[in-house]
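These notes concern the structure reproduced below.
Letters A, B, C and D mark the chains as written, and numbering starts fresh at 1 in each.
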Amino acid sequence: MIVILKEKPESKQLDNLIAWLADRGLTPHITQGVHQTILGLVGDTSRIDIGLLQQMDIVEAVTRVQEPFKNANRKFHPLDTVIPVGTADIGNGSMTVIAGPCSVESEEQIIAVAQSVKASGAKLLRGGAFKPRTSPYAFQGMGAEGIKLLLAAKKETGLPVVTEIMDISQLEYFADVDVIQVGARNMQNFELLKQLGHINKPILLKRGLANTYQELLMSAEYIMASGNENVMLCERGIRTFENYTRNTLDISAIPALKTLSHLPVIIDPSHAAGISKFVAPLSLAAVAAGADGLIIEVHNNPACAKCDGMQSLTPEQFQNLMQNIALVKQAQTQCK
Amino acid sequence: MIVILKEKPESKQLDNLIAWLADRGLTPHITQGVHQTILGLVGDTSRIDIGLLQQMDIVEAVTRVQEPFKNANRKFHPLDTVIPVGTADIGNGSMTVIAGPCSVESEEQIIAVAQSVKASGAKLLRGGAFKPRTSPYAFQGMGAEGIKLLLAAKKETGLPVVTEIMDISQLEYFADVDVIQVGARNMQNFELLKQLGHINKPILLKRGLANTYQELLMSAEYIMASGNENVMLCERGIRTFENYTRNTLDISAIPALKTLSHLPVIIDPSHAAGISKFVAPLSLAAVAAGADGLIIEVHNNPACAKCDGMQSLTPEQFQNLMQNIALVKQAQTQCK
Amino acid sequence: MIVILKEKPESKQLDNLIAWLADRGLTPHITQGVHQTILGLVGDTSRIDIGLLQQMDIVEAVTRVQEPFKNANRKFHPLDTVIPVGTADIGNGSMTVIAGPCSVESEEQIIAVAQSVKASGAKLLRGGAFKPRTSPYAFQGMGAEGIKLLLAAKKETGLPVVTEIMDISQLEYFADVDVIQVGARNMQNFELLKQLGHINKPILLKRGLANTYQELLMSAEYIMASGNENVMLCERGIRTFENYTRNTLDISAIPALKTLSHLPVIIDPSHAAGISKFVAPLSLAAVAAGADGLIIEVHNNPACAKCDGMQSLTPEQFQNLMQNIALVKQAQTQCK
Amino acid sequence: MIVILKEKPESKQLDNLIAWLADRGLTPHITQGVHQTILGLVGDTSRIDIGLLQQMDIVEAVTRVQEPFKNANRKFHPLDTVIPVGTADIGNGSMTVIAGPCSVESEEQIIAVAQSVKASGAKLLRGGAFKPRTSPYAFQGMGAEGIKLLLAAKKETGLPVVTEIMDISQLEYFADVDVIQVGARNMQNFELLKQLGHINKPILLKRGLANTYQELLMSAEYIMASGNENVMLCERGIRTFENYTRNTLDISAIPALKTLSHLPVIIDPSHAAGISKFVAPLSLAAVAAGADGLIIEVHNNPACAKCDGMQSLTPEQFQNLMQNIALVKQAQTQCK
């Protein structure tokens, strides 16, 4: 960490700063320049509150040289992390597609969707049991019962299942779930992240609506620091001023997260766009940009089949998309 | 709710839509215009997923006429809610100041701060025991022990205490806490909100970094719908492109939330600015705009007294600010 | 346009509103519902200030049924606009690549770059002559002299040239320029847009840093309403809270703008990312998502060749990227 | 400027970087640390493209120690700039109110508004003649004729006038205008800014919808570097995800801009909120936070008087607000 001091700092303030750093186990290397004094902090600066340092009267600017995350940092783990789930190896350069309905609604529905997405090439089944809803009056999901139905679909099709946890107290129901999803709204639910670090299951960690890459990686760090290295990062759209789409898919997150970290990157085009006809172009874009996987909403609920346009794809649309994904993935693999 | 259909809708699609609405207990009033068909939906539309409706092929646009929140809605509760805490009546047109350190660090520290902020006119004591930190390597707070120390300071000074809960599992430690704070990162931790609806304590609900007024009110609705009507709304800065300040204080939240809702509005200038010298002007702005209260960071930790510039005020700065707040509040009260 | 009135409007206010609409040549169709009154406005509502209407005391909500843009609207022009420039037909489903240096620096430089990008398959040459710079102390470009050098490169290679105009007063220098670029900062420089509507050259209109799709299309409308239909829309990244990349490329702009409009959509991955190693993945993503073209920075300036990492690609990197673009474009063309 | 290099830089790359800096007249002071190499750049770094430097392969991070603006920088001009206009001294600690209609519509209208706002205590008259409108089909203002009417109102009342320029070509009409306004959309119309630097009139420079404080000050720098030091900075709301208000008033801009610069800071609550009932609380907030002035929309157009709720105040509402502003200003003046 580099600390640039204001011109001509008071020696008393400088002594105070050095003492404050010493309290935190850091000895600064002082460079007295013609125009400014620079402190180079060597050692573990991850415990330093950079904001607090920046606010000090004698400090002009602070620059972190090392990122504050370690386990998730590619600098310390150059090789890509590969997470095996069922027949998929997520992160090894292949494209894994996770598909299923937004919510589990019935055994028939989830089994039917599971069979159709498997037939189209999906490697994992997704489905919401515990649903985070903005409104307390909206359908909150089937809960534990929904997980039972997902597991029934798994038994029927062999597809591993991915479903979201909203609170530590629900953990008991996830014993047979293959991948636990942490939703965007819980990305900084640190108590939940810590608990998920103590279990031995892959975690699909979704980026918060207004969180930076670094904050996402710090949340991954919470899980990894507690011992669970199996984290997948998921970009699902960020909140911007543009409201034509529900959120703005940050496609740059793919090369950015892969530069900063060794963890797999999954893209969720369904929640990003909120418009079913945009799911295909955004999926193909993610494949071309080098994503490790996609998580796509597919339903064949007769009641909802009436409403064509929602963000979910029909099984037919999904089957067609999978063929297109294969074409683009093949081209992307040939790229030098 | 008003649904405007695309020009010349297929009758089959229209029948499907009407059936879909009927499934949800709604009978549309159809207006056949020269250029478009309009459906007026009467009844409880709060259960309708507006996004899903907007995505339907035959739908051009949807407009919600009633807001989706009820208990928090001023339309149904014209009178301001007043929440009594200790000697304060929050929401009755007076200005309640909540003050204290970011974190509880020791008994001496918290008692000393409590005594000084009380002497300056603060009506409640704040202090962090369970701390949400972006980094797993940063100080996580004293936890349950910190709450014990807060209660010791309460015993010493008579000031009611406000402190943050991060997870339902911590609830047991909050039995003697006067006001439970839900932090910005947990504003949409719906399981936590539901639980807080079942207890009988005032809740200080902070707005999320990138959440709209309506989303904040929907989170308040989660608490109120479960039976706890004592919710205070807290604006603490939103995330924007401007990084000179840590966050951007949305001062318009005061008149906006008071228009939409009857709940008290508290402003947190310390976290919004992240710069101690900005706390005073932002506090005075909030008073002038009609806020019901302020929550301000004050510390007198000798170790940190070395670092002048952090977001916390010294007891002296706070005492001076309280005098200025009184001057501006008096003027604001005289405004017609 | 649909205007929903508040419950039980005062008849005097309603009369005033109807008179106000009449002043603007609109006769409302009034629907008296059980719970609300709805006005359906038929006719040309593009002149109505929707904000003003929304602010009226008796108005609950306003919904625009027709978009406020006409010439740029796909509803009225279902077929894609194709703009021929040199050997390229921009908008016909093919992928046109525009390449060149950020700034024209010398005749040798621009000719060398022109020859190399042409050899790699670029169809147009870009280069900055008049440069919008945040700082008045930064290099402001070679101006008119820079355009002369671009035209020399065009003479040498046959590549049509694209360069930016910053002010109407510069128009005289653009007589032989093939495509005039309007930069993001001038997207709402309406006087400039009006003037560009009176000339007969293709305009490359860049989206402003914080402008919506609709605002971009309204700016295109300024040009088209003045008579010039040859507008290309360019997404070059928007401003968000994420600062790891210079801007956030809004990849959804491709399907969104193609849904709303018939105009070609060009992507600028160089300015969006601001990081040269991200230009390739973002370019391939744009191709897969169905963009009509790309505008990419390439330089071979020996002085700058020293600084590897800037946002520009070297001729070698660009040649390799063009091969990859061809692979992905071929796959995208096969997609159903 | 401080440049931190990556660990173990190649000596060839380091030589290239040093040569590149030498080309720009800079000799780095090299500090060889145990873990990193730091270059301290002394001299005029305002011409250095920091982005370009940050992209270099061997560069880990760059920190600017001096802000890139000079004339607008409080560091070099500690005393507040005071700009006398008519009977007002803007920037001397008093509160100057500029008021008038959004658009000049007729001689009767502008004279009537001028007389009423003067009677209520406004020191300057505002009114739009050249109107930047998102839609080419919306009223574009009366243009030169509108300025004539503003000057007639000035003759009648003695109030100096403020009106917006949209293009250099309009400058001829501004000979007798007292303060020239640059709108948010033109904040980075650099050719216009340069020209305004060559005239000797105060400029009211509005912050762009998505521009940082530094970018605003760099635009002021364009004007000042060309010789015109009379610049007033105007915060008028920024674009965020919150759409209940038209824009989000960034109240922190007051202490922030006054810390960074010596120029007066004016707040525009009318455009920020877009809701007339919010103009009063936001105005009082700005006064309490220490703004030098306010620019407020007031109209008494009978046609528009019908539409109560727009962002403009009626003369009666404005008169009442002026009394409240005086009360809060008096309190703010007493604050220590």
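Simple rule for what comes next: a residue touches a chain if its C-beta (ideal position, glycine included) is under 8 Å from a C-beta of that chain, and two chains touch if they have at least 3 such contacts.
Here the structure is a predicted model, which means the values were calculated and not measured.
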| item | value |
| --- | --- |
| Chain whose average C-alpha position is farthest from subunit A's own | D |
| Matching chain pair for B-D (criterion: over half of the contact pairs shared, by residue number), options A-C, A-B or B-C | A-C |
| Where subunit A and subunit C are represented by their mean Cα positions, the distance between them in whole Å | 31 |
| Separation of mean Cα positions, subunit D and subunit A [Å, integer] | 39 |
| Interchain centroid distance [CA atoms averaged], subunit C/subunit D, Å | 26 |
| Junction residues of subunit C, two or more chains touched | 210, 239-241, 243 |
| Residues of subunit B defined as touching subunit A within the complex | 16-17, 19-20, 23, 46-47, 49, 51-53, 55-57, 59, 68-69, 132-139, 166-170, 185-186, 188-192, 194, 208-210, 215, 218, 221-222, 225-226, 239, 246, 274-276, 303, 306-311 |
| Subunit B to subunit D touching residues, read off their complex | 210, 212-214, 238, 240-245, 248-252, 254-256, 259-260, 272-273, 277-278, 281-282, 284-290, 320, 323-324, 327-328, 330-332, 334-336 |
| Touching residues on subunit C, where the partner in the complex is subunit B | 2, 4, 29, 31, 33-36, 38, 40, 42, 60-61, 63-65, 210, 239-241, 243 |
